[in-house]
Amino acid sequence: MQHIWIKAIKENGKVKGDYLVQSKTVAQTRQGNSFLTLTLADRTGTVEAKVWDRVEEISTQFKEGDIITITGQANTYRNQIQIQIHELKQNKSPVDPAVFQESTPKDITEMFSELKKLAHQIKNRHLRALIESFMADHQFISQFKKAPAAKTFHHGYLGGLLEHTLSVSQMAVMVTEHYPDLDDDLLLCGAILHDIGKIDELNFELSIEYSDKGRLLGHIVLGILMVEERLKTLKDFPSELALRLRHLILSHHGEFDSGSPKRPKFLEAFALHLIDDMDAKMNGLGRLLKDDRQEGSWTAFNNLFQRYFFKGDSSAKANDKGVDIDGRQQRQRYLFPVD
Amino acid sequence: MQHIWIKAIKENGKVKGDYLVQSKTVAQTRQGNSFLTLTLADRTGTVEAKVWDRVEEISTQFKEGDIITITGQANTYRNQIQIQIHELKQNKSPVDPAVFQESTPKDITEMFSELKKLAHQIKNRHLRALIESFMADHQFISQFKKAPAAKTFHHGYLGGLLEHTLSVSQMAVMVTEHYPDLDDDLLLCGAILHDIGKIDELNFELSIEYSDKGRLLGHIVLGILMVEERLKTLKDFPSELALRLRHLILSHHGEFDSGSPKRPKFLEAFALHLIDDMDAKMNGLGRLLKDDRQEGSWTAFNNLFQRYFFKGDSSAKANDKGVDIDGRQQRQRYLFPVD
Amino acid sequence: MQHIWIKAIKENGKVKGDYLVQSKTVAQTRQGNSFLTLTLADRTGTVEAKVWDRVEEISTQFKEGDIITITGQANTYRNQIQIQIHELKQNKSPVDPAVFQESTPKDITEMFSELKKLAHQIKNRHLRALIESFMADHQFISQFKKAPAAKTFHHGYLGGLLEHTLSVSQMAVMVTEHYPDLDDDLLLCGAILHDIGKIDELNFELSIEYSDKGRLLGHIVLGILMVEERLKTLKDFPSELALRLRHLILSHHGEFDSGSPKRPKFLEAFALHLIDDMDAKMNGLGRLLKDDRQEGSWTAFNNLFQRYFFKGDSSAKANDKGVDIDGRQQRQRYLFPVD
Amino acid sequence: MQHIWIKAIKENGKVKGDYLVQSKTVAQTRQGNSFLTLTLADRTGTVEAKVWDRVEEISTQFKEGDIITITGQANTYRNQIQIQIHELKQNKSPVDPAVFQESTPKDITEMFSELKKLAHQIKNRHLRALIESFMADHQFISQFKKAPAAKTFHHGYLGGLLEHTLSVSQMAVMVTEHYPDLDDDLLLCGAILHDIGKIDELNFELSIEYSDKGRLLGHIVLGILMVEERLKTLKDFPSELALRLRHLILSHHGEFDSGSPKRPKFLEAFALHLIDDMDAKMNGLGRLLKDDRQEGSWTAFNNLFQRYFFKGDSSAKANDKGVDIDGRQQRQRYLFPVD
Amino acid sequence: MQHIWIKAIKENGKVKGDYLVQSKTVAQTRQGNSFLTLTLADRTGTVEAKVWDRVEEISTQFKEGDIITITGQANTYRNQIQIQIHELKQNKSPVDPAVFQESTPKDITEMFSELKKLAHQIKNRHLRALIESFMADHQFISQFKKAPAAKTFHHGYLGGLLEHTLSVSQMAVMVTEHYPDLDDDLLLCGAILHDIGKIDELNFELSIEYSDKGRLLGHIVLGILMVEERLKTLKDFPSELALRLRHLILSHHGEFDSGSPKRPKFLEAFALHLIDDMDAKMNGLGRLLKDDRQEGSWTAFNNLFQRYFFKGDSSAKANDKGVDIDGRQQRQRYLFPVD
Amino acid sequence: MQHIWIKAIKENGKVKGDYLVQSKTVAQTRQGNSFLTLTLADRTGTVEAKVWDRVEEISTQFKEGDIITITGQANTYRNQIQIQIHELKQNKSPVDPAVFQESTPKDITEMFSELKKLAHQIKNRHLRALIESFMADHQFISQFKKAPAAKTFHHGYLGGLLEHTLSVSQMAVMVTEHYPDLDDDLLLCGAILHDIGKIDELNFELSIEYSDKGRLLGHIVLGILMVEERLKTLKDFPSELALRLRHLILSHHGEFDSGSPKRPKFLEAFALHLIDDMDAKMNGLGRLLKDDRQEGSWTAFNNLFQRYFFKGDSSAKANDKGVDIDGRQQRQRYLFPVD
């Protein structure tokens, strides 16, 4: 069955597909008739939908958090798209989570294989043993490959943590080649491990949310605890090396205000912080600029950065949009092959 | 033998006692004669000293970091007290570290017994088991009783960590009686454990200095690691309780800028932060005001607080100073009983 | 007559009671019929209400700021409760202000009696005379017992100033017992007087609003002026004591950014600032956590603190909510005894 | 008798005059001879001086804080001018305080007469009555004419408060002519009174120092108290006018960080803050640039402003220096007429 | 034809005039009928308007950005004025831009003539030549007379740049008369040129918007580039004078945070910054206070200044409003003479 | 002749070489004999030196800023090395400036050739033409190859600007390969030009000092002016491209507080800022860590970063120091070939 992505719904167009019920309310018209207001979601956004008929009967068939299959028609109410639902049933068959959550555009298996190759380049046997200890933990790796790197902004989608980790690690290798005074093994190992605490900081089953321990402890401290547990099993790990590695993780946000309990105190710690910052900005701003739908040469005001971003002459961006749409169509074909 | 405290040395007075050699330099007068310049220290301060005779011979008998026994005379050079050493020998007998480092004015055994009593009041069996696990570790307790609470400012002396921990714990009990919505067991347990990372953050054998792990990881994260290790041995420890306890430790500095990787997110975390702040200020400023030797009603400018402090009419302070001097004399008698 | 609290109004339920008219607008339907839109308020919140019939006649019977007695029915419009008014008349009889403004949950008479007992413990005759001078001023005391401690956040309800003042004073006594170097009389006197300027800073007849002098001068300076007036009548008041007391009031917000024209410069000033901060947070956050209706273990994002607060496992909070509802029901019974 | 100003003392030159003894120390040479080290001051600076002969006898004749009359010779020791005193006696005759403290370069009587003229232009009878009440208080006026406007930086000399007040008042008149929406009477009255608290904030008998009440309360609150006392005697003073005037004084530092408990909230308050800031900078920086003795086109690094200031091509400044030297010579002639 | 200003539209009143179409949307009622929702604008504000009949036909006659002539009726929907359009046609005749954009209330020709008079007073021949070079450039002057000084806040209307520049220049003359140490020619020249970069920073044809170069480079740097171009044509311009002038422009925002790449480093630079700040605040806040429609003695909360502003007793403001209304009526008469 | 580097002078060792006279003072001993105190400098540091004999004669032979050739002996006075000069004459022969100023350790010709190769890779003909226009200006290139990149901290030595520019450009190429969405030509061109304003910001003949225009305008604005001049000669340069390039230069410090008048507003501007920051820190901190002579595993407190830096186990650093010393010896051999 074909799924119409929410972002692709057009005024007066047909709507058809599986959607997550984010909220569900029964209310009365002024004439006293019940109607149902739903907020439906897929990974491309949310939309309001109405059921005007057989409300009591339909209303009992599903609850918030369920996935429903509908057909309907889109119209506009107060400048917002609104769906009039004609048919509705609860979806009982297994659904591809990727319909409801965005995933990395890159291939997870390939990226992980790249990361392993980099890890094999670590010459220091202690650091290599540490990384291998993580790599050998199937439960950890399964989560590591699935986790996003953030709730929003940069790499905020399934597989984002791996994508970000690989990119930071590749940059770490390039930077140590450019600045040979840097300890390449230490920086690469810090790059691989710097954000592993995100696995515990975020819940990412249905949607990306902070976990309780994420908000109370944060991924920096959670990551330190994960590394500590492994270090205990590696008996002759040199103490200064362990100290430097822990410091890399602790200080990788660079400043107290960004939640680092310590600021960088040696070269590799500065390097890791700057590479991480670069990768977060290139991914986060890159996506923001691509996804921006504001007319003209500037994005909407961005609260995180407290500024507008420059997109420049929009004619030059035509290709990008084309590619983007193609990408979406291809992924859709994969998810909902035509029967 | 009597020891003349460095702070008590007067112009033209005799000098006699055991002092730590902080620095030692040999130089030449314009006439080409060698002389020795030493910086001597005990817990009351430092002073410059000179040896003009038999320099080559004497110079070989000790090095920086040794303790020497001297007699000499104090005079003034460029408005600074300077000691002319007449006799000098290296001290070989064991010395009371309390001569060279200040200690808590309170009784360590009594304070620790008080703290244990408070710990026994913890009703929650998990939290009580956690505290008892620490209390049963003799090596930990030995360090815990000896450690200072800071390098400078508040409780910056041997036994200061215990003194501060007890005081914060007592305040925690009072505060939970006043605000019954607070979880008394959680706050008390957080009070007892909040600064244990200081044991690893500071070295305090000869003088109080930050350790490498202190500067690179900090006592907040070091404390979390120490608690984590114990929590692993307490199998059914409730996960939310453990999370709240870890958060109390992580957030007890209150703000990012003070090195807390997380800011307080529930009532007990705010309470612990404010009690800790109160105790640090009452101790640190109380000592600063007592020790200040500036004439008039104001202290010298304080860089940490960026202000002058008000001492008020000095005549009203006469008693305090009297008490203080008595305290010093009594302690000295204990250290150097008249033979 | 029974009053249905606005927060307790349920979808499709009957509505009955006395409400304050906060706003009143006449408009036309697309069919050209007039209707009346009201915002009604009691101390539990506000709600929109509609009058569809006899609009011209009814509209003239009351104005904004009046209290009306209505019966009606609640339904939901755009996810908001909306009342369809069936009967409406202006309330001419005297109304209990406590219906429209929240009050302290504690007994005002008892609290004031507690505060007087504490005041009698002041040993310094000058400070005691100063406090007694305030206590003997019936007009002042009448306002002092009624005033809130804030417009929002902590103790933002009638009687809140007294509740906060008593709590801070009790903590001051405890703190001086714990830190005997503190001047107990000075700190207690500062605790009692620190916020008296709030009487002039806020108007609290119908609702809590800043007064003109509140916004232009602030409660710190207003409090100083009130104390100054009394000090002039106490002829031999020691000048340094008066200076210290004034400084306690001036500096009790702790930092310039919080509106203190001077930062604390001696121990009692730091202690008062920290106790005041503790009490404000325990009350303000305590209420925020209790009143929060957000699902899950976290409150909604709090703008003042720029963070979410942790409520933890909601099952553990069931008792609290029960108690709260009981409290509301009891108060309602007192206000609207069943006839 | 002629007085050699300390700033004018040249290497190898003769020294002669009355100087304030700021510090006095007796010490011994390595040969065991006593000598006297003095710090001497007049309003142009301080200098170290030595007495090598008859030290015991001379030393008893004066103490710190006395004024002595000396003759001697200047030489250089470690790149500092040092005076070898040949003759020394305590000065018993009355001395002109202006030798030891700098005074405004302007005529105090003329300035005060200017200020009175401006005050007479106030049309609002209440504000005029308030100013006249101050003007009629001889004790107040005597202090007001003598006080400096600051300890350092701007107008930090006797008569500086009057000079600054007049200048701000003149600017206030100009600004209200330029922006006719401003209330001219209110702004002028605020200008005249904005800094009167400086009379109490500073002690300025021998040198300019903060008073205890200056440091604990500050000139803003002290000024408010002085105005309040007068307002009480002016029975029908309009309350909003009094409120606006108090706010002008309270907010004239503009920001919390500068010690204003309230920030400006209407036009005249902004205007007064900016005029005050302008006058402080023009006077303070103007003097700093004139007095700077650093070679080249830049001043020494200025800590208050955290920057260097540009003096530009020094040849263009020749005239200024000439004028300045003339001014100093003329003042000296007035103080020490040739006999 | 008469134009009803949008701010003057009253509930149930007739509407008639030329309006700019800011947005245009076609939608369907629940019954399936098309209707048109427009946002109409003139210089006094914006309003929503509806077309219910002949929607397809009318909709094709104009697009966003066009000016239309309408008649209609105002009613209230959800507490907002909404216009029901009866007649609508596209306006083809030339329209006075002043209907759609606010202009300075002052006479542009007179202001420019005043500014030229001030410029003639410049005695330094180099600075005078520089100003004359700008004055002789008709294209520059034409833009300079039309440009606003800001997008919002101060002088945010056509002619605002000239009005602001003249006012700052007049203040500069007054300030140099008051502080004779200031270089009058330099300050006046800096005042005239300080904001010329606004001509390029803002687009102000249809409405005031930042240009791309405005957001990417800013008016400070754009102004520097404009001055640089002229300086190149003035061959013997003294280099230090040019440097000082450039610095005046670069530093006129006073602080890094306000976008000045350099902070003021000599007296004239401080003076220009403070005068500019004064003029911006007097104009911006003056207009804000006059235009504020909030009931009571305070404005709505102002986000830029993070505070409420005091308007005081509204009865005293009656005159102002009267004058203001007159001004608007007079301007309207000029724009739409009664036929 | 061999030159003893100032940093290599040892207590009691012989001194011999050419040194720059930074300051020169004649003074008298207490016995009335003249002596000469000099501050001598070479690129490794400064040292105090004394001449006790024939002072009048020798003193006239040279002035501050001259280079003198001396022999002498080093002793210690007050813990500082001090040279007793035995022979002294003014050096008349041309001296290698590299003796008195540090130079890049890399080969300038090679680095410039590398940079040119990178520049040839620019595909965009406009950007390539711009860079070629700079490369063709021999006077510019001569200065560009000689200039330092800073007064202190990073690349603060002759040739440092080229070294830094090449390194940033190489990183820019790597970063655009890693993030293919970036415009490689734009980023590389911005990297090459970002700091060219340093040529005018700094004077670097005898030592590195800020120029007047450096302090008043800064290298960011100076660089913009240099680019602007070239852009005027390249007639069809696309306006958006020019705008983006100017913005890269203007925003490369990243934040207002660092003196950027605009913050980055598109991806390449963020990338340039982060690469520049990385290169400055790797060079500046790398040198700081290498040059630090503090005992133990930590550097002295660093004021710029407000922290200590970790050097770790010093035994591991032995090789580095060896290499460094070798480098110095080799360079010395080149400068002072053994005759």
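The first chain written gets the first letter, and so on, giving A, B, C, D, E and F; residue counts start at 1 in each chain.
By definition in this document, a contact is a pair of C-beta atoms (placed from the backbone, for glycine too) under 8 Å apart; a residue touches a chain by one contact, two chains touch by 3 or more.
Bear in mind the structure is a predicted one, so any value in this text is a computation, not a measurement.
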{"item": "Given chain D and chain E, the chains that contact each of them", "value": "C, F"}
{"item": "Where chain D and chain F overlap in contact partners, by chain label", "value": "B, E"}
{"item": "Centroid-based (C-alpha) most distant chain relative to chain D", "value": "A"}
{"item": "Same or different residue numbers at the chain A/chain E copy interface, by half rule", "value": "different"}
{"item": "Centroid distance [mean C-alpha coordinates] between chain F and chain E, Å", "value": "47"}
{"item": "Euclidean distance of C-alpha centroids - chain C vs chain F, Å", "value": "63"}
{"item": "Gap in Å, rounded to a whole number, between the CA centres of chain F and chain B", "value": "43"}
{"item": "Multi-partner residues of chain F (each touching 2 or more other chains)", "value": "212, 215-216, 240, 244, 247, 265, 308, 310"}
{"item": "Every chain pair meeting the contact rule", "value": "A-B, A-C, A-E, A-F, B-C, B-D, B-F, C-D, C-E, D-E, D-F, E-F"}
{"item": "Interfacial residue positions of chain B with respect to chain F in the complex", "value": "25, 27-28, 37, 212, 215-216"}
{"item": "Residue ranges of chain D in contact with chain C within the complex", "value": "212-213, 215-218, 220-221, 224-225, 228, 240, 243-244, 246-247, 250, 256-262, 265"}
{"item": "Residues of chain C defined as touching chain A within the complex", "value": "11-12, 75-77, 79, 297-298, 308, 310, 312"}
{"item": "In the complex with chain F, residue positions of chain A that touch it", "value": "167, 170-171, 174-175, 178-179, 181-182, 240, 244, 247, 263, 265-267, 270-271, 274, 277-278, 281-282, 285-286, 289, 305, 307-313"}
